[in-house]
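The structures considered in this document are given below.
Same chain, two partners: chain A is paired with chain B first, then with chain C.
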Partner chain A sequence: MTVTESSPKGGLVVSDLGVDLTGKDIDVVDDIDLVLKPGEVVGLVGESGSGKTTVGTSLLNYSRAGAFISSGKVLLEGRDVLGMEWQEVRKIRGEEIAYVPQDPASALNPAIRIGKQIVELLQLRNIGTSESRLQGARDGLAEVGLPSDDEFLSRYAHQLSGGQVQRVALAMAFLPKPKVLVLDEPTTGLDVTTQAMVLETMAELCRTHGVSALYVTHDLAVVANIADRVAVMYAGQIVELGPRDAMFRNPAHPYTRALLDSIPHLSQARALTGIPGRTPAPGARPSGCRFHDRCAFVVDACKESVPELRPVAAEHDVRCIRAEEIGTWDISRGTVPDADPDRPREVILSVDHLNVFYGSKQVVYDVSFDLAKAEVVALVGESGSGKTTISRSVGGLHKDWTGTITFDGDELSKSARQRDAVNRKRLQYIFQNPYLSLNPRLTIEQIVKRPMELFGIAKGKEATDRVVDLLDQVALGPRMLKYQASRLSGGERQRVAIARALAAEPDVLICDEITSALDVSVQGSIVALLEGLRQQRGISMLFVTHNLALVRSIAARVEILQAGKVVEAGSVVTVMETPREEYTRNLLSKSPRID
Partner chain B sequence: MTDAATLLSDPLEEVAPPRGQHGAAAWVVWLARRVGLALLTLWLVSILVFLATAALGDPVRAILGRDYNANPGRVAELEAVLNSDASLVSRYFDWLGGLLQGDLGTSLASGQPVSELISSSVVNSAVLVFLAAVLMIPLSFAIAMISVHYRRRRPDTVIQTILLAMAGLPEFVIGVLLLALFSTTVFHIFPAVTITSPTGHPWDNWKVMVLPTLTLVLWVSPYVSRIVRASLLEVIDSEYVELARLKGIPENVVMRKHALLNAIVPGIQVIALQLAFLAGGVVVVETLFAYPGIGLQLVDAVRNHDVQVVQALSMIIASVYVVVNLIADILSILLTPRARTAISS
Partner chain C sequence: MSTEVAPPPPAIAPAEPSTFRKALRQKRFTVGLGITVLLVLFAIFGPLLAPYGENEVTGPPYSDVGFLGTDYLGHDVLTRVMYGGQEILVIAVFGTLLGMVLGIAIGVVAAYGGGWWDEVIMRLNDVVLAFPQILLALLVLTAIEQPTAWVLIALVGISHAPRVARLARGVALGIVSRDFVIAAEALGEKRSRVILAEVLPNMNAPLLAEAGLRLTYSIALVGSLGFLGFSADPGAANWGQMIQENRLGLSTQPWGVIAPVIVIAIFCIGTNLMADGIAQVAQRGDD
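Coming up: the complex of A and B.
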């Protein structure tokens, strides 16, 4: 036995970690056992409220205000980080365990130049000389593919783009040569091409420096591309843990399977499904198996005691007593035929030669497309491609445009104010962020009733009945009527926003990135809901998104946008199977995929 | 690294925001605009001051009182000095022209040049306000940082309650309490009134300065401290402070460099407002302690209908307001990189 085997360089062992809310006997996360081998990337996946970020920062002996680490050990080369004096912990942070934040645009100090921020830690610890530190910063920036000249070092965070800022954060974390890296959703909010670049950089750095990494994310598709092993968290516990391939080929926990069922594939359309109910918050988690109230395979025994995390295969652990009884699983289950490209189309909305301006700056150039009845057309592009601008112009929310937009034979006026009530009623807009688009002072009933009163569709008792009916259609119960939006989860809010749009009895819905702020399982149920509406009511949709896999499952036609121009358009099958343009091919190849 | 090279050459790589070479020119233009606006403000103030003092009534009648009817010669003499025959507009421009040349006019009541009359009280007040500011700024920041350190625990609650109570007290109440405590009733450490020799300054005897300065400090610090605490709390909760802690930066450096640097701008703005406020607000404190500053003199001048002195002092107080706020704005911009770079690009 060699020395390196008995005391491995790097790596981290987490055992029985628990984090509780201060002053209450409520756990945020509980019973976390996790091993990071040297040079290994472990993906920690979970939806909002699962406690994944809490676990991530606990590895640095840090918990946010209002919570504290109540139990467990984090062993770094045999030393327990959680049992150390705080001076020692501070020394470990940065130098041996480094952290890469979720949103570096707000995590880099706005008042300190990036060059200074990168070397700050080394300077405080008196490591190296000022020349060697500066050289280290330059090398680090070059390593992540950024300029390393003085001009770049003297910039502030706000003078960098999103991808640049994220790579600065990576360079900063790597500079003190840490042994372990904790990355907290470092690519959320980045475009797919930028994301691919950051992920590549991170993987390369981990390989060359032999760093083990915990990659915290909500995105299973990203994990499928970079992780060696995957841990899935639900309601504060790890429910499944295993090698990446085993996790995607033979997921053993019903929650993992449900999560995978809700993720769209690039290669084939799927009937996406959500998970019924919502993720319980700390303190409201059920006893027994924490997933039992949402699980399709629940039996009475599940409610009795918390299942142990137990092996089902080599290195593959699951926290479910019925793992062997729930049958096999196939990644391509739920696939459906793609939308038929030859379906006869009856055009309801057509956009011709649309040019959009912000002041003197043109942002959309000569865009033409149309939308047929009961059809979904996706506008796809990266940030700055003009997709939202186009949808806002169609919706009459932005009026500085030229060209014609024809809606069922009528030429539409530029702004919604100038359009007549009938056209306004028939064309409804759903916004990206349901946390901002619902009036916090009104009850759900008032919110959904409003369009009916506005367009004279119904009022009083009749309107209330219709609200109940609409809420039922978007899978919300009548008890929501008197709630205010603040009591609802993100998915529930977005359902209310959809119900509000439906209340006007529209023919066309403009959906502006409506699932990008939501968890994947919630996205799955929203997509299922929209597909139902399209089929039953014959509603057409203009679906704005940056997610190509989602397009495959929801849309019939797609317009690929780049810098305000349509670069490729056609039926989803044609564009995604046989893309003609380099740009489209690039987008497709950079999109993370699990299929 | 070969990978880095391929990553860089990615056609979709975002380009850096353009960096203007006209930084200096842009700064000059920006500064010129701000100074221009400040001058415009002062000009408007001068109109208001002139109209307000003109509306006080006939100064000659007020100064001569009962002599007005008995002594037509003296009336004519004073009216000649005042140039009362001329229209309001032409008198305004005469006055403004004098101001621009540094001539504050001649006091009607004493016949002396206004600049001679007020110069010592302007200096006395400036020293008082300066002392108060020098003590108040570090004190307020220290209190705010202590409060933040104990956020929402007992020491913080106690400090905030005391500050709120003090912020609610008018300055003369603070002054009277201090007088009772240190000068008249309890202890007899500091003098209650300022006694100055005609040629000397109040600060020749340091004890004289203590109570007026302390009153001003106690009056203004609570506001500043509360604002700084609030903005510090906001910054402490930010992700960059969290990252600094996770990076292993010692807590005192986190507070000093990462937090304070970003919380200082609201502090500067409120300090500027308070300083400007002090310039006008010393009136009560100076009266209370008989401190020979502009406040005391302004009260006297108004009582004596000494129009020229009132005008000059009002313009000085207004200038302090405008200049202090201009400096605060410039400092805020300089300390906010986002705003600073927005100007130079």
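Coming up: the complex of A and C.
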């Protein structure tokens, strides 16, 4: 433990941190060594279940119910946070180590005005005098670029936008002048422009105050834009740790590479790939290298013992015994030509002068576009732009609209119920959240079989065989047949949802943000699956998303939406290479990118 | 454990156990279930094991002849208690069932219909809800000379229905807006099938808890009606009626009142514990 003595002023040293489940000998995270230098932003990246949030909160000596910090030290200027009395920990939290949660809307008290909440915080931390605190609150808000007038101070949390709330949370984290900041996915769920603003504010504050920050996220692209160093976590361990540029230029761990392979680029279409298998839960993790069962470079030695985190270059550590043997990596690997903008189009679905209302409120204004056979058209926009509303109207799930939607010559009725069975069958909708879109009480077989029975495609034994076929097409085994949806992971559920849509043998799929609730590696495999379906079956897709990079890889045409209007439309290459509208340019420049 | 396949199958989370299974793991529920089952067995087989006949006079009124003494007519109290459970049990169980079925139907249809349907159904429901349960029953019973068991069952059921409906609507509201229900509609499923196959199966945990609670109320309600003199057969033994008949002799022969009070209380505690256990499972359930 000689490292502890050399702990730099202001930074934080984590050594050998482990968190276990209470009452069981199962580790959630294990063997975490991490140094946060003063003024440095370290990105902690991992997919769901990797233990990244657990590590983040451990720095504040906090573990969620059912888990406890079982080993290790967190040294703040030589003092071990994990060994402190609770009174001391309580003082350190917020004052020296601050935490910004993922959903600040639930962290702010909805019944207390913003100004009062900040003043209360200053009171609690004994900062300033009762006269100066209000001014302190104003200064804090000004620092994060928010208005600091009385009107703003007297607002409640629900009167602010998501980005504003997040910046209030940032202001509150920075006011006590902490030395270390833990940010837990603070921009997840925000629009790209808001996200860019929050990230800018955060980076600026860290620089000016010399605060070291741990930025916990699942989004490698965000990390590529703001972090100085990056740590990649898998199954409770750090598998790779190094300076940002080295990590993205020369990732040494097979998992990091697989992650990078699954991320779409803004500059060029890619054939995205996923990682086979699923992230193991605590207790079900394989022995030896925890990634060995999903790794493309696995050898027998990988299964024997847990590899040590060892240096491969200056400040670049990797937990892989074969790091030197697996060759070099190139960021442009997997790029494919963009969709050809001049391909002849045979229109199958056209939307003309669509206006959509919620009660008396109009949310979509005069939108027209069309979709050709075996083509993917992306509807892109920020939240509130009406992209999902349009897709729901096309799918017949929202009936309060005017205009015409023509599907293969037929004019479609407003709601799915009024449409005839043929049109219902040929137009299938896939939902954003696979945790809500499958009935948890039914088995996978029942779920996938239902559309076949309903549309008279197949029955009984024949239908079961087709279900097996379909599951195979979406890369799920026949073992799943009798499972209930609640036993599947998010990615598997979304595959089942896709299989259900395919069971009706549709010509058009409406995909409503179908990958946004999923991890990037799962997104990669779902996108690969959809691309395969498009090529083999000639299915057309209306793909709703907020992710422009994803559009580049999956779509041929794109409609950029702003406040219910199409502001720019055209082939993906044209729109993304030579955007005409300021709004599009803004979206493109604010999107985080790794290429 | 599974080593037969070459690529190791991904670890699948264990199947979600049914609400009943999960409830069985709870002490509260198992104790409640135990008490209820014992009492039901007591009520069913009591008449076979009773030391005397139901209307057999074994001694002078309010005497201490026999294990628990005699009642106001000189019948054996223990025997009356053993005979007196069946009617309460049958009426309470069927009344509860009827109330649950009616209530769930009303609530789910209101929630799924939404808009006007919801408003109209629930406002009518509120009208019935405004009557205290026992008052509604009394109102009808005073008009009927001699109620049959079916009338009592219907009354118990109808007085429960609006209360169940409120709960069922609340639970269903959270489910009808979920994507899987919308997905079923997009496929063009019949409305009845959407309700039966998609909505109802996801409501069973809170509804089971409600059923247990309603059973408790039913027992109390049937007991109260008996006390007020309304039972299918005034000559037959009935726990509620026994309390009424023997209350004058409370100071000389308290068992005539206390014995039926105790069995009713234990029965209520049993069903209530069961309901509580299920409610706890339901709360922890889908997260």
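What we mean here is this: the second predicted complex is superposed on the first by the 585 of 595 C-alpha atoms of A that agree within 3 Å, B and C clash if a C-alpha of one lies under 4 Å from a C-alpha of the other, contacts with A are read in each partner's own complex, and residues count from 1 in each chain.
The definition used in the following text is that a residue touches a chain if its C-beta (ideal position, glycine included) is under 8 Å from a C-beta of that chain, and two chains touch if they have at least 3 such contacts.
No experiment lies behind these values; they were computed from the predicted model shown.
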When chain B and chain C are modelled together on chain A, clash or fit: fit
First, second, both or neither for A:Val468, with chain B first and chain C second: neither
Partner chain(s) touched by A:Val35 [first = chain B, second = chain C, both, neither]: neither
Which of chain B and chain C A:Glu120 touches, first, second, both or neither: first
Touching partner for A:Val13 - first (chain B), second (chain C), both, neither: neither
Chain touching more of chain A, residue-wise (chain B, chain C): B
Computed vertex angle (chain A) for partners chain B and chain C, CA, steps of 10°: 30
Partner chain in contact with A:Ile331 - chain B first, chain C second, else both or neither: neither
Contacts of A:Ala271 with chain B and chain C, given as first, second, both or neither: neither
First (chain B), second (chain C), both or neither touched by A:Thr193: first
First (chain B), second (chain C), both or neither touched by A:Asn586: first
Touching partner for A:Ile26 - first (chain B), second (chain C), both, neither: neither
Minimum Cα separation, chain C to chain B, after superposition on A (Å): 6
Chain B residues within the chain A interface of the complex: 1, 3-5, 7-8, 10, 12-14, 16-17, 19, 237-240, 242-250, 253, 257-258, 261-262, 335-338, 341
For the chain A and chain C complex, residues of the former touching the latter: 277-278, 280-281, 284, 286, 293, 395-397, 416-417, 419, 421, 424, 428-429, 431-433, 436-442, 450-451, 454, 477, 479, 483-484, 486-488, 500, 504
Residue ranges of chain C in contact with chain A within the complex: 8-16, 178-180, 182-189, 197-198, 201-202, 286
Contact set on chain A toward chain B in their complex: 57, 60, 62, 64-65, 90-95, 98-99, 101-103, 106-113, 120-121, 124, 142-145, 147, 151-152, 156, 158-164, 172, 193-194, 197, 200-201, 204, 382, 586
